[in-house]
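Questions regarding the structure given below will be posed in turn.
Read from first to last, the chains carry the letters A, B, C and D; within each, the first residue is number 1.
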Amino acid sequence: MSTATTELTYTSDEMMSIAAARALSAGQRCFVGIGLPSTAANVARRSHAPDLVLIYESGALGAKPDRLPASIGDGILAETADAVVSVPEVFNYWLQPGRIDVGFLGAAQLDKFGNINTTVIGDDYANPVVRLPGAGGAPEIAASCHEVYVIVRQSKRSFVDRVDFVTSFGHGRGNGDRARLGLPGAGPTLVITDLGVYRPDEHTSELTLTALHPGVTVEQVREATGWQLRVADELARTPAPTSDELAVLRALKEAS
Amino acid sequence: MAEIVSLADAVAELVRDGDVVALEGFTHLIPVAAGHEIIRQRRRDLTLVRMTPDIVYDQLIGAGCARKLIFSWGGNPGVGSLHRFRDAVQNGWPEPLEIEEHSHAGMANRYVAGASGLPFAVLRGYTGTDLASVTSTIKQITCPFTGERLAAVPAINADVSIIHAQRADRAGNVQLWGLVGVQKEAVLAAKRSLVTVEEVVDELEPVDGGIVLPSWAVTRVAEVPGGAHPSYAQGYSERDNGYYAEWDPISRDRAEFEKWLERTRTTGVPA
Amino acid sequence: MAEIVSLADAVAELVRDGDVVALEGFTHLIPVAAGHEIIRQRRRDLTLVRMTPDIVYDQLIGAGCARKLIFSWGGNPGVGSLHRFRDAVQNGWPEPLEIEEHSHAGMANRYVAGASGLPFAVLRGYTGTDLASVTSTIKQITCPFTGERLAAVPAINADVSIIHAQRADRAGNVQLWGLVGVQKEAVLAAKRSLVTVEEVVDELEPVDGGIVLPSWAVTRVAEVPGGAHPSYAQGYSERDNGYYAEWDPISRDRAEFEKWLERTRTTGVPA
Amino acid sequence: MSTATTELTYTSDEMMSIAAARALSAGQRCFVGIGLPSTAANVARRSHAPDLVLIYESGALGAKPDRLPASIGDGILAETADAVVSVPEVFNYWLQPGRIDVGFLGAAQLDKFGNINTTVIGDDYANPVVRLPGAGGAPEIAASCHEVYVIVRQSKRSFVDRVDFVTSFGHGRGNGDRARLGLPGAGPTLVITDLGVYRPDEHTSELTLTALHPGVTVEQVREATGWQLRVADELARTPAPTSDELAVLRALKEAS
């Protein structure tokens, strides 16, 4: 799908990546998965947040790749990092104690309370309809980072009322579930899709549409959401990608 | 002291039917050639352990070498799913695959406990997730000082761990660098170990960020240049991204896979 | 991000009366100059933590800065005893010194737990010894998988940890190499941290066996060339074995020690 | 004290160090403390056991110093080691799992069952007669190494019936105490002093004199022992240091 503005043509994936990049602030420490999160984080680092600290679970602290890494173990991560540590160390010394500001996660299913499923589709774990890759670093990223940003392509299949399997805990069933479990971080505070932006309601923790990307309607969003979606009173409109942002994103992709 | 032998001899000697076998390498330095040798030698009933089972585990599973997989993330990095893994889990083909599923933090700490001679490790993990309800090797433990409840996971002590490294010297001391993942822990946790290396050299010159596994901590070393292909060996070879993409159609189709398997078994040269 | 300040400012800001303070450096890279600055600033009631309290802790104890010592080995390496430490324990001079005594393995794991954000660590330790009967921070814990009993020790999370390193860059990233001891863990375990360095450089060139502590994991950096004297800084200065020998007669005699203390306090230059 | 043989003059400390060096075999992995153990281990490595693997608790695995290190943190250990690791790693990954053949320890007090005290002299821990340095790495070295060799200058003060404080567990009160506690290693299997050599009795674990150094009498030994000493039926005589052994030892000391 591509959307035309007055001047620029860009895809909804590009809008999503750029919206996610904008959410990152200068100086933040960001724990990044490969794929959409890595793309967004690297766009941010190469535009408005040059001192963003990228941490990859493969052990690269402060990686500064000049192209998108092909995998979590891409050599460019080690070569450009401030420090390279073992995998046990990255989880135990750096993630677990709460040293990371933002955990950037993807999802196969995301539910209305920000819980993430990357394990199985279907109700029976032993006989899944679809076997997904599994947890990776996500459960502890979701638990320990100060905040979690989720980036996911939105559809009724991915945006569900309740995930089939809680791989990574978001807000549980809402209303203080995280605090009850003693989880240190704030959990998913921001969800960015190819259609819009969502934040948990401050009282119920239910994900609420807070911004629409250019050209997207609330109707379209509702059709791509598997629950009765709440919409913020003041619904914002995401500014379209600037030519600078698109240039950075496309240069990164081309270099890869 | 690690003896330097051929890959075929090392696998024949160290890997036995029914063993718990860990091939480690976190996207970098994956011991793929050793995995193919296990396929060629038709090992059976293995419990395969690996944080990130990817193509080589898809191949081992499809070839019927495994009865169980202990893991935390199984996929074809940058491409998509592992279809032989899926086929085994969803359809029991070529045979049923039992799975024991953790998070990366849990798996890493299981290796740390194994390397440390401890029966278990403690972490802040799994809280609120469904993993603890489907995985019996996740329990809770109470801090004797604060009363706080934390997760406990048992040590992994494989019968044999296999890793790929850049170099060894003739005495069998092993050197690796770049992203070193959980390889040291995997080797130290195992009863036996095999390290395939890009080259055997007279002297291990120090390398930035390099670590050395002393010869007396390793069982066997085999010189296997390119033994990590299609993953990469920093300083020696690049990642073959095409191979990862090309694996997808082979893996999706049982017949295509069986052709691959036949080729691999007969030629002795990994496709 | 670590701010680069003077040693006097860093100690004034970071070290407060009553704090738990860890100066680490396992015989190599001991932050002696920082210890002397604590003496000059007349801090009181500190709980001093260190695996191997040696001369600088003898000095801090003799100067009356400490009310408690948490440690695993206290001596003048290669020379003999710490007489100010002995005088405090045996005679309460200049004031009583409470002690909390562990083994190296226990202390190292207490720092590891602290750095890992865990309340405690598990080890095979202390079995059959009298340490567990005199130290309340040694407990037992049962493995939830095997039923085995092991030792548990609580995390150390100092109010401030101080280490000495070879270099920092202008952004405050810290680099150290050689025997790196438990310094990374001590810094990561602490609420605040100070790293004194031999020099601040434009760029941290990689060094064999070097480790880097990112600026964002450190509170303050101070440039203090020779700040580890009389211990050594690999690549910068040798160990001053004479100083260790000369400390013995000073330490043995309260009057001699008080002369040393007066000199240290007034000149601003460590004797 | 010095002892004359037909040709060579050497001190009892030199005899002790050389006797201890001889006890180490080629290829063994030896965990070495500074002082007498380090001297003995380095003599062994530079004479009959060139491939002896020396492990220092400061993190040097396979150190090959060409002089005696001045301290456990001497730079020569890191510079000559096969691998340098952190202090937590040396204890957790290398010592604790039982990878080390011999732990070489000193002692302020050693008792008839090989228990070691380096903590306090006197019965009251809170008000000690003499405060000693403490445990260091010894308790876990004594627990985890396959065997422990103790090297100590012998006197009624150091060779006692029962140590005032068990810093490092030897054989407890004998008769299977180690096995009862589940300690993996065999404990002290050899004690070497400036007077002779001792081994635990295979039934009772009580230290028994098995060899006298040249010129030393059983009488002298009894006078320097704080319990009713048992003497082996076949009491050996330690061969005097050879000129080669003395040359190696003295060259190491001179280089330091």
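Keep this in mind: a contact is a pair of C-beta atoms (placed from the backbone, for glycine too) under 8 Å apart; a residue touches a chain by one contact, two chains touch by 3 or more.
Bear in mind that the values here come from a model prediction, so they are computed numbers and not experimental data.
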item: Chain labels contacting chain C and also chain D; value: B
item: Comparison of A-B and A-C (more C-beta pairs in contact); value: A-B
item: Chain A and chain D, separation of their C-alpha mean positions in angstrom; value: 58
item: Rounded Å distance between chain B and chain D, as computed from the means of their C-alpha atoms; value: 41
item: Chain A and chain B, separation of their C-alpha mean positions in angstrom; value: 28
item: Chain A residues counted as touching two or more neighbouring chains; value: 92, 96, 144
item: Overlap residues in chain B, where contacts from two or more other chains coincide; value: 117-118, 123-124, 148, 184-185, 209
item: Touch-based graph of the chains, sorted into line, ring, star, complete or other; value: other
item: In contact (per the touch rule at the top): chain pairs; value: A-B, A-C, B-C, B-D, C-D
item: Partner chain B, residues of chain A touching it in the complex; value: 34-35, 57-60, 70-75, 77-79, 84, 86-88, 91-92, 95-96, 119, 125, 127-140, 143-144, 165-169, 172, 177-178, 181-184
item: Touch list for chain C against partner chain A, complex; value: 1, 115-118, 173, 184-185, 188, 211-214, 216-217
item: Complex contact set, residues of chain B against chain A; value: 26-28, 51-52, 71-75, 77-78, 81-82, 85-86, 89-90, 101-105, 108-109, 111-112, 123-131, 134, 148, 178-182, 184-185, 209, 231-232, 234, 238-239, 241
item: Chain B contact footprint on chain C (complex, rising order); value: 117-124, 137, 139-141, 143-146, 148, 150, 152, 154, 206-210
item: Residues of chain A defined as touching chain C within the complex; value: 27, 29, 53, 61-62, 82-83, 92-93, 96-99, 144
